[in-house]
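In what comes next, chain A is part of two complexes: it sits with chain B in the first one and with chain C in the second one.
Let's look at the complex of A and B:
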């Protein structure tokens, strides 16, 4: 509750800061301070100190799972502000509004981590999506950005419609929007509930871009301003998965037989489509868009398994994936050329940045000693505990495929010379480099001691 | 009236909406079809709300507010739909300013 209220107020404060402050650095610093306040308030609540006494029984429950995820999401946003905050000003003139919108998105993420009622699920997802439609189109003169924004908007509201139909049918069967009252025992499952559950499954798959509902993702991620793609592909996607997880763990856990196979097919399809298509991309930005689909496939394994391993794993996955992807995007934003060839000879010019980038890439590919390895490992362990060996074997094969396209970036940076064309232009301030190295260090620390994070879930 | 009538009516509206989204080429009409989908859901929610209320009354439970949350949900859908309309129309206007058209075929340009 603390973080939710703080972040909503921060959003309003940022909107006014555009009128009151005329210095861009001041606006950026204000946003960072407000976000720090959100994180501190959230950690205080994790330790049992609640600043507001509001009864949200039946609507939201701020348990340790929700609070821990809010901390991760807010922390990833902080990293995003620190690394890419200054690049937002190149997108358009309404600098402070972008920060305000991001704070509102954070509210949506927190609601969708904590919801206990289908009403709050709907509100959380919408609060998360509507500001993103604006951010996707924030580069107003750029046709690609317009197109991405329109496509995202149409697909987003279409999937909202499908999700709402699912919610309405579940309400018809259960007579209440509470997650626990939607949970039926296996003896007598109403047809309405099964239909509603299917529609909810499709709607949520749209939101987290799982195949075969992923087709909008590459275009939207490619067309949006790169700064906002970075946020969209990490914090928002992880928020969608947390909502997905809570919905299926608390409502539809009892009727697993009805959706297990379908989710397994969606998982396998997502892994396959994401990884295989990413291999053929020439642009790093588009490769990252497909890689985000591939990573979504791994996160779908948690939905498939639904046990305590899966919960822990999903939290760790959200942290590992968000940090690594935000790091890679932060470098990509400052490049002139988004193709793989644009990175040729990068290591020679920027050895420190390149080394940090290698750690992020290794984490995404799931190489040991990084957070990405352990989170993938926990996902696979959860799926095996649930008795699905074939899905796990398939996931490992697909992870092996992913190594190819991730390592192409390393190969370009370290083993290829810049042959012709324009020289590599890359401005990295010392602060940027240090932050990047710190994030890379966190990625490795989480890979060595994941209990630093998951410990908070149990006390 | 039996609840099935309401279910079939709103499913019919919903499917008309889906078909419209998938086949029409004008962005505004696609957008109207999405609104039609949302309103089909509203209709269904109100019908279910009444159904649960009648069921509770028939069982002899003297609870007046059973089923009221379904109607509450409708208000939330209306508010969110209004927020979506304001953002969506702004996006469409932005698109029109840049391309002088609201044809959805425009969306296929990103593929290349």
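Let's look at the complex of A and C:
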């Protein structure tokens, strides 16, 4: 609750900061300070200190799962602000509004992580999505950005419609928006509930870009300003997954038999489509868009497994994936050339940044010693505990495919020389480099001691 | 404590090396760290068999059921010894090679050593998997950055091959983990498992694949000749001398005792593949014109012999494999040193372009002939003892009914080995000199030192193999007890 109110207020404050402050650095610093306050407030609540006494029973539950994820999401946003905050000003003139919108998105993420009632789920997802439609189109003079925004908006509203219908059907079956409180007779599950569950499953798959509902993702991610793609592909996607997890773990846990197979198929399809298509990309930005689909496939394993391992693993996954992807995007934003060849000879010019990138890539590819490995490991463990060895074997084979496209970036940076005429232009301030190295260090520390993060879950 | 140091010294040494600026300092540092490693290994294997110093245990990722546990027994001992001895030899032998950014080169070499030693020492499956990958990543960078012309594609193939197989192994490990009553990754819990034959078969293939690719066994060998050819020589030596032993080691430690029934029932299949590999690789080696590829195929043949002997599950076969792992490592590094020398001086590795080197480089010729004899395992060389034991093991194997067929076919490897090795010696060293070889000079001091060490080991262990036998005897007994058929029937 603390973080929700703080970030809502911060969003309002950022909206007005554009009128009062005219220095861009001041606006950025204000946003960072406000976000720090959100994180502190959230951690305080995790330790049992609540600043506001509001009864949200039946609507939202700020349990350790929701609070820990809120902390991860806010932390990832902080990393995003630190690394890419200054790149936001290049997108358009409404600098302070972008920060405000991101704070509002954070509100949506927190609500959907803590929802109890389907109504709150709907609100959370919408609060999360609408600012994103704006951010996707924030590069007003760029046709691709406009297209991305429109596409995202149309597809998003369509999936919201499906979700809403699903919620309505569930309400019809249960007579309540709070499905956890309704006990169904497992021998006679109402058809309405199953239909509603299916529609919700499709709607949520849309939001987290799981195949075959992923078609909007590459175009929207590619067309949006890169700095917002970074945020969209990480914090927002992770937020969607947490809501997805909560929905299926709490509301539809009793009717597992009805959706297990469907989720398994979606998982396998997502892994397949994401990984295989990413292999053929020539642009790093598009590759990352498909990689985000591929990673979503791995996160779907958590939805499939629904056990305590899966919960823990999904949180770790959200952190590992967000950190690594934000890090790679932060470097990509500053590149002139988004193709793989644009990275040729990068290690020679920027050895430290390149080394940090290698760690992020290894983490995304799931190589041991990085957080990415452990999060993938937890997913596999959760799924095997569920008894589905074949799905897991398919998943790791797809992970092996992912090595192919991730390592192309390493090859370009380290092993290929620059042949084309234009020199590599990359400006990294010391602060940027240090932050990047710190994020890489966190990736490794989480890869060695995951309990630093997961232990909060059992607080 | 010494086990932890064995792993930590190269790890820290490698990390420090990245920070060194000067080329000579980096070289010297790497050699120093490698030499400390030898001292530690010698100290370690001379500890009493039940000594607290041989174990190291620390809590790590307890919530996942894993711990940081290392143990130095006979099997790890002989392989750790091989690794630590090989490193200084490799560094001395390639002292004259120049590398761009040599601090990173030596840093990665030492990190690879840390990973390899970790693999040999780990007694926790998850930790083992960590080290398995830790050894792979530095080698990937070494080969891709400092290798030959086609290095990027070739090394990538190697990486994808091993990575794919190793993630399947991870699933095998996870599967076993879920079967343990106490949900633990420790080796001992895996040994105590009592799985059905069907489950064992699944786990066997999931795990065996990773090791088969690493060894490599036919038909998983296709990455190997290319990678050996394209890698920088120092990395090739690490790959062929030490890292292929990780595959054999994995089978001995993590497959045969854990899933004994499957190892027994699939033994014929594996032995057949091994024997096919031996003959196939030997015949290709005879046809080779490129020295590096010749040695690469010869290595496949030797490893095939080892894997066949391993699945014969007899005492002498297992003893032979242990010895041969050490000896093959030493011998093949000797061969690479010679190849490196020839290539540096002549600028070619083509047999057809060489000849008459013996007249120009007598010292080199003598040393090479000894190494070559070891490669065909002539008596009084180290390889003879091992190969004889392995041959004996296959011949007298009780777990397969085709033991005589396998023994005869595997025995062909010795004959075919003689053909390609002697062919190589005669084409390179004897005959008339040509324009290229007329300019040859004899070997340099550092190469002489490195080759002398190799030849010294070849002769000493050829005449007096007892220390190696003693080192592994205790382990072989316990291994066969764990994996034996009699035990199975008892279970």
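To be clear about the criterion, the second predicted complex is superposed on the first by the 455 of 459 C-alpha atoms of A that agree within 3 Å, B and C clash if a C-alpha of one lies under 4 Å from a C-alpha of the other, contacts with A are read in each partner's own complex, and residues count from 1 in each chain.
The working rule: a residue touches a chain if its C-beta (ideal position, glycine included) is under 8 Å from a C-beta of that chain, and two chains touch if they have at least 3 such contacts.
Everything numeric in this text was worked out from a predicted model, so none of it was measured.
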Clash or fit, chain B versus chain C on superposed chain A: fit
Which superposed partner A:59 touches (first chain B, second chain C, both, neither): neither
First (chain B), second (chain C), both or neither touched by A:385: second
Contacts of A:144 with chain B and chain C, given as first, second, both or neither: first
First, second, both or neither for A:397, with chain B first and chain C second: second
Between chain B and chain C, more extensive residue contact with chain A: B
First, second, both or neither for A:222, with chain B first and chain C second: first
First, second, both or neither for A:451, with chain B first and chain C second: second
Three-chain overlay, vertex chain A: chain B-chain C angle, C-alpha, nearest 10 degrees: 140
Which of chain B and chain C A:369 touches, first, second, both or neither: second
Which of chain B and chain C A:416 touches, first, second, both or neither: second
Minimum Cα separation, chain C to chain B, after superposition on A (Å): 28
Intersection of the chain A residues that touch chain B with those that touch chain C: none
Chain B residues touching chain A - in the complex, by the definition given at the top: 3, 7, 10, 14, 17, 21, 27, 30-31, 34, 37-38, 40-41, 44-45, 48, 51-52, 55, 66-67, 69-70, 72-73, 76-77, 80, 83-84, 87-88, 90-92, 94-95, 98-99, 106-107, 109-111
Parts of chain A lying in touch with chain B, wherever the complex brings them together: 119, 122-123, 126, 130, 133-134, 137, 140-141, 143-144, 146-151, 153-154, 157-158, 160-162, 164-165, 167-169, 171-172, 175-177, 219, 222-223
Residues of chain A touching chain C in the complex: 362, 367-369, 377, 380-381, 384-385, 389, 392-393, 396-397, 399-400, 403-404, 407, 411, 414-416, 449-451, 454-455
Residues of chain C touching chain A in the complex: 61-64, 129-130, 133-134, 137, 141, 144-145, 151-152, 156, 159-160, 163-164, 167-168, 170-171, 174-175, 177-178, 202
